[in-house]
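Shared between the two complexes below is chain A, which has chain B as its partner in the first and chain C in the second.
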Partner chain A sequence: MKRFRSLLFPMLIATSARAAAPELTLVIRDHLFFPSTLEVPAGQKVRILIDNQDPTPEEFESYPLNREKVIPGNTKTVVFIGPLEPGEYPFFGEFYPKTAQGKVVVK
Partner chain B sequence: MSMRSNFLTALGAMAVSGSVLADGLVVDKIYHPYVDALEKELEYRALAQDTQPGKRNLAQVHQLSLGTAIGDRLFAEVYVVGAKNRASGFEIEAWEAEVKWQLTQQGEFGLDWGLLFEYEDERKLDAHEFSVALIAEKELGRFSATANLFVINEWGKDVVNELETVFSMQTRYRGNAAFEPGLEIYAGQDSRGIGPVLQGSIITGSRKSLHWEAGVIFGLGQSSPDNTWRFLLEYEF
Partner chain C sequence: MFLVAVILILQEILEAALLLSVLLAVNQQMGPHLAGTRKLTLHWYAAAIVTGIFGAALFAWAMPTVSEWFDYAGQEVINALMHLVVIGGLYTHCLLLQTNARQTPGPHIGAGVALIVVITLSITREGAEIFLYINGIMGTPTAVTPALLGAGLAGGIGISAGILLYYSLVGFSRVVTLRIGLVLLALFAGNMAAQTILLLTQADWMPYTPQLWDTTGLLTEYSVTGQLLYALIGYEATPSLAQAVSYVAAMLLLASTPLFRQSWR
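Then we have the complex of A and B:
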């Protein structure tokens, strides 16, 4: 039982740490990102809930953020980013790159 | 891993001893734990190993594969494997199937985790291989470090029946998507190596890209091959 508790405790800490990560929502509609600029704090992990309201899939892609994530049409998914240094990190939608563009601004 | 058995066959034609065959090759692609949903890929992989220094007799293995994502956590791939050396010429040696399973979301925990399952069957020999690999990746700013730990079971009348482990690791600097320098380390039962690898990706259209990797791994210690050259070209669509 003691061993179980010793295993459980770090898991709880990890869960609470995850719950404490700031969460932002990014909406995809008409092949555009809303908002197109996300402000996030420096040095912290951030949870971004991406809500694709279009009927077609889109891919959140950013080389500077090192993330690629497909979001099927009319679904939501989560992308974790950071901790990041202050600066601007552009992202785009790989299915509609001409319109679906945005950036993460880290302050 | 997939190339290991075929390399053994190639080396076998060159009359290398069985004990060396079983552990002759540890260099291969290093797997990342991520799956990109809806992605399909066509991949060509090649290895050339200097098994007899000074004799200009490179043993070669060539692989061609087709893969597809299944949902957003699984990626399945089927390979045809060929081997070539001066003694036997080029021959299709084996087929292989593998499934990669992304276990955690990228960046969710301190390390990103995945598992890889591979099965390989020799065409002319009674030799089979089943492998399971644990994949871990850590992002440190612009650097990424990836580790693969394979446990490999080989069996059949024409192969030494045994369980092996192979560890490989890659660090790369993510400064430019088209050109990322890195360093790879490999360690198997009787073979160790380290060397530089360059890689990059070029977007060729909507949801289409070319990824390439090229490097040379220098053997460490007397039982390791002097040089192993590796090349990979992957079309993602």
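Then we have the complex of A and C:
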């Protein structure tokens, strides 16, 4: 039953989620993410504006979120995530993974 | 920096290298069966690789502009479009190989053009990231050498994997090679369709659909096997409903070509 609900719940959301999704900003500077933890409400689609202030490109990547997007140096981009269930979803910068680490915390 | 470059570039190269091997193996084994037809010579493949590299450089150069199109959805939309053209190209390639064989002897011009489109776009999509990465690294002089060495190693591994797959495929009898090769092409088309859905969902051009299952516990996407399977058949630990449906649909599209009903005997 729990499994069925977890399938149905997002489906109901999907029909109404076209309404403006809340937006969060993620800055890349010196190959680091600011903030490194993004708090996101559960069960809601969120628009993340990624502002790469480094002159070098970076790739926002997350396996649990199924997201992957290149952000050329000194440009902005947008990635939509969710709706998600509560939990932690790590992401990283594929071009500079040693420093560019962060996570989405869904509450 | 060395290891980062190896992993990054290998991920980008692998998909195109494996696709190229499968196409090569299928075409190579197709020739003798179809009396009076000529195989696509290696020139077609070489031309496709060259145009692909140019395409990748161009796409990387245009990336800052493309990224901002459609309220920052440009990258996804253009990428999704390329994925769809690859599916169309694979379908046309399979269709024309057969039709052409039945009718006129001679080189498969149409099939060859479709092949060039498929390979060019596959390299363009993945290669652009390599160009962007290397270009970014150039600003940090100390990182240039390790990154380029890593790129060289990744290129070597990627090409070796392709060669290994090619010889494994043609090592079977012709019937088996063609059967496996065609199934791999159909799975690859499915992979392209599922990736299209993912891109459009990421850009909010398509609604969210629920996740069907989670096989992370069985095989993670970032393990070596996971990465290999991702490159070859689009392995995804947490696929969505729309991804699965589109995967099957593209697979069936390719399997609907007469080539898949041949007995090859």
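In this text, the second predicted complex is superposed on the first by the 88 of 107 C-alpha atoms of A that agree within 3 Å, B and C clash if a C-alpha of one lies under 4 Å from a C-alpha of the other, contacts with A are read in each partner's own complex, and residues count from 1 in each chain.
By our rule, a residue touches a chain if its C-beta (ideal position, glycine included) is under 8 Å from a C-beta of that chain, and two chains touch if they have at least 3 such contacts.
All values derive from a computational prediction rather than experimental measurement.
In the superposition on chain A, A:35 contacts neither chain B nor chain C. When both complexes are overlaid on chain A, the residue A:78 reaches chain B and chain C alike. Using the contact criterion defined above for the overlaid structures, shared-chain residue A:45 touches chain B and also reaches chain C.
Of the two partner chains placed around the shared chain by superposition, chain C is the only one that A:56 touches, whereas chain B remains out of contact. With both structures placed on the common chain, the touch criterion links A:97 to chain B and to chain C. Applying the stated contact rule after C-alpha superposition, one finds that A:86 touches neither chain B nor chain C. Within the superposed three-chain arrangement, the count of touched residues of chain A is higher for C, of the candidates chain B and chain C. Under the contact criterion defined above, the residues of chain A that touch both chain B in one complex and chain C in the other are 14, 18, 45, 57, 59, 63, 66-67, 69-70, 72, 77-80, 82, 94-95, 97. Interface of chain A with chain B (complex): residues 14, 18, 45, 57, 59, 63, 66-70, 72, 77-82, 85, 94-95, 97. The residues of chain C lying in touch with chain A in their complex are 4, 8, 63-64, 67-68, 71-73, 75-76, 128-129, 132-133, 135-137, 139-140, 198, 201-204, 207-211, 216, 220-222, 236-238.
Contact residues on chain A toward chain C in their complex (touch as defined above): 6-8, 10-11, 13-15, 17-18, 21, 45, 47, 49, 55-57, 59, 63-64, 66-67, 69-73, 75-80, 82-83, 94-98.
Every residue of chain B that touches chain A in the complex is listed here, in rising order: 34, 36-39, 72, 105-109, 139, 141, 144, 174, 177, 206-207.
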